[in-house]
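The structure's right below; bear with me while I get my questions together.
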């Protein structure tokens, strides 16, 4: 069979690759993407160059072409700049914390502990509960008269956490880390299943301690999963919407917890400037792609 | 990108351009024929319990007599998400003929999208509206002088106070000292000190565009004798009246009588705040829980109650361009706002129909429910949001500067207001 | 298939027969830290459940340790009166089930192809998928709505609800990453033996990637289960709405009228969360430590 495969015309192979059956496998997904996302995606790109808004079918409306004006306005808008800074701050806090915590937790939960199922479930639960339900609890925890302030009374920040320009974003970062951790623990748990036990046994025989075994084997073997976690966490950070919207009532004091997607929602859906919102989306996407590319480059170095 | 990839993208782009062109140009049904067409129609109404009951009653009455023009109804929630739903529906072309909870602030946007029918198109359109609502109807015209909405019901905003808490703090409850700003502040201090509440009053300090309607705007309307935020294209809130209102609220925030953090539920119902600034729809909510009383919003020097204007918190009915049988829609609209239907609305929900002389029209109701009478009286002096282009963005701009200067004290008020006024002037000029 | 199952069973039996690890200070400390962490993570959920069971809401600390006399199931009855819990749960099930099916079938094929099959245009598809993953849903919402309602005519329809979520891009990404971890040699031997690619996927790749599949499915479950904006846009008829939508509606308008609004909202939230927890508890057992190494080296 191998001989026959190699015998297929060299040019044919270069044109379509070694496994053209891949086309059959990928076809349903491509059709799905084309039928559902191609139009919205390209439309979004298109309207970002116009003073565009959505109108009723058959309505005669003016939507002048404005070239790069939307983009220029966005990049010069202090609210947007603050939103980007907020997302960067979020990512700096959230991503390393997430990677470390979820890997450590996953390793711990992978071991033969008593009550394993209980522990795994408890770390997973925040991920499962709808944001709307948990927000009430977090508001109670972090409000001026809430639990945290009563415990920390003398050193509690004034104004209190969620309305504090300095603390609003870190509180959101912590909330989201807590909420999403279960998801990343799952990914690492699955990755850990594929590490052969022999590696650990060999290292133990060689005299390596727990920490050394963890760093040398675990961390190294789950590298593809780490890339996945970093990229996904970055994407979640860039697309932050629900928490700023619900926890800080639409952007916090002076936009201290405004996020780009919240801005996009406000501009696009509340105020009807769809073209402007699309431009925000484009800028955001470019930013995330760049960061993801950097991440992949750093992490997937052979 | 590879050559194939490039080719794919260019085909796709061409496709999108064609699709976009198709959806933006084209023609709808000619207005003339739709205006008189009759047949079955669909409507949307709010999902709050009392309004659902009202809607079902009115629908049943109409459908009984109009077998060939049946009206079916569906619920949508009131609240910020309803604007999203309506906006998306307009774009998709599947809005119902009538939507019974169209917010006036959203009307300019829906009109810009080409989603609303001008009721003036009907022979008796403008005259019916003016006859029913009187002079207040003029506030609901768009800048081109047409009615893109029918003013339906109002919830005049007043100050509700908790009689139990007031008594505990030693403040008289029949005619509580809440008329002037000074009185109000003094009362507020006493309430927090002795009344066992966390806040004297707790309007939401969050930065959504509609929040000013429940803190700044009602007091501004009262203090200025009925001015809107913007009139004739000119912002009005930088006047001495506007600054007085802003400074009053700032005093409350500075003295921590109103918290600058949101309360996740209802602060008045949970007895965390002694007062609330809200309309009569709240009576159904507070009725059992709190011993309440209501007074008009305060003014600087204490105007007479009969002269105080307030915010209307009104909801209108819109007719949408996707409607085929506009003849029926118009007839039904008149039916749903007839004296009988309005009376039912009053009885079932306690909200005031936008009718002239509500008290005179329904004497029995007000005899049985005297506590609603002050609301009916206030309803004759309500002021609306300005129906101008970019109205949502206008309110958002205002809220941001109010939040910065009044709630969080980061900027002096006159500076913040002036900057907002400059931006708003450009916004409402339609550019 | 039979051989790999036997291998798994053998290896898990082997691990069970191993003696339990000795009780050391390190282990106890580790357990203590884990427990503390679990308490922190569980606390908001615990508070939610407690709140759902209380007759009178208590918003201070005492609310966390309720008086047994204050406990009641009335909040659940309340919310059931407003929101048909059974019907909406079924709708949530149909919505989520449809998404799971599409993701498993279409996404698995795609993930495998992206990882292990070499064909021209592979990178284009991967980058397109990344792009979809990166962009927020708010950007697509209105054009997608127009597309589905006008062009495809699927308003008020389960298919209209399911379609945008049908193949979860995160799941495809997960499938790809994990299939990438499997060495090519594993499949070469089967290919040489004449197995079709499809059989290779079914018989070899899928059983090996089981933990990844479970992860992807659990992850895919959460999205549509908790989603309230899209189904809300697409369906106006109440008997089609999933629980998350009904709950969101309830919170925004009707809740204030209930005897204990906070309690009934939490009751609804608990009902929404429970199936997701059950799904997880059932499937997390699948993370058996399997001895993959021996499968390759042997």
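When the chains are written out, they are named A, B and C in that same order, and each has its own residue count from 1.
What we mean here is this: contacts are C-beta pairs under 8 Å (C-beta built on N, C-alpha and C of every residue); 3 or more make two chains touch, one makes a residue touch a chain.
On a predicted model such as this, the values are computed, not experimentally measured, just so you know.
Visitor: Measuring centre to centre with C-alpha atoms, which chain is farthest from chain C?
Guide: B
Visitor: Identify the chain pair joined by the greatest number of C-beta pairs in contact.
Guide: A-C
Visitor: When the centre of a chain is set as the mean of its C-alpha atoms, what distance in Å lies between chain B and chain C?
Guide: 40
Visitor: For chain A and chain C, let me know how many angstrom lie between their CA-based centres, rounded off.
Guide: Inter-chain centre distance comes to 16 Å.
Visitor: Can you check how far apart chain A and chain B are, centre to centre, with Cα atoms defining each centre and the answer in Å?
Guide: Centre separation, chain A to chain B: 37 Å.
Visitor: Residue numbers in chain A touching 2 or more other chains?
Guide: 39, 43, 54, 57, 136, 140, 269
Visitor: Which residues does chain B have that touch at least 2 chains other than itself?
Guide: Counting only residues that touch two or more other chains, chain B contributes 23, 84, 87-88, 91-93, 265.
Visitor: Among the residues of chain C, which ones contact at least 2 other chains?
Guide: Residues 59, 120, 141-142, 146, 150, 262 of chain C touch two or more partner chains.
Visitor: With touch defined as at the start, can you tell me which chain B residues reach chain C in the complex?
Guide: Residues 1-2, 4-5, 8, 23, 44, 46-49, 74-79, 81, 84-85, 87-88, 91-94, 265-266, 269-270, 284-285.
Visitor: Could you please specify the touching residues of chain C with respect to chain B in the complex?
Guide: Within the complex, chain C contacts chain B at residues 57, 59, 120-121, 124, 141-142, 145-146, 149-150, 155, 229, 232-233, 236-238, 249, 252-254, 256-257, 261-262.
Visitor: Residues of chain B touching chain A in their complex?
Guide: Spelled out, the residues of chain B in touch with chain A are 12-13, 15-17, 19-20, 23-29, 80, 83-84, 87-88, 90-93, 109, 112-115, 198, 204-209, 259-262, 264-265, 321-322, 390, 392-393, 396, 400, 403-404, 407-408, 410.
Visitor: Quick one: in the complex, what on chain A touches chain B?
Guide: Its residues touching chain B are 38-39, 42-43, 46-47, 53-61, 63, 135-136, 139-140, 143-145, 159-160, 162-163, 248-255, 266, 269-273.
Visitor: Which residues, counting only chain C, touch chain A once they are in their complex?
Guide: It comes out as residues 15, 20-21, 26, 30-31, 34-35, 37-38, 40-42, 44-45, 47-48, 59, 61, 102, 105-107, 109-110, 112-114, 117-120, 122, 125, 128-136, 138-144, 146-147, 150, 163-164, 166-167, 170, 172-174, 177-178, 180-181, 191-192, 194, 197-198, 201, 211-212, 214-215, 218-219, 222, 226, 228, 244, 247-248, 251, 262, 265-266, 269, 272-273, 276-277, 280-281, 284-285, 287-294.
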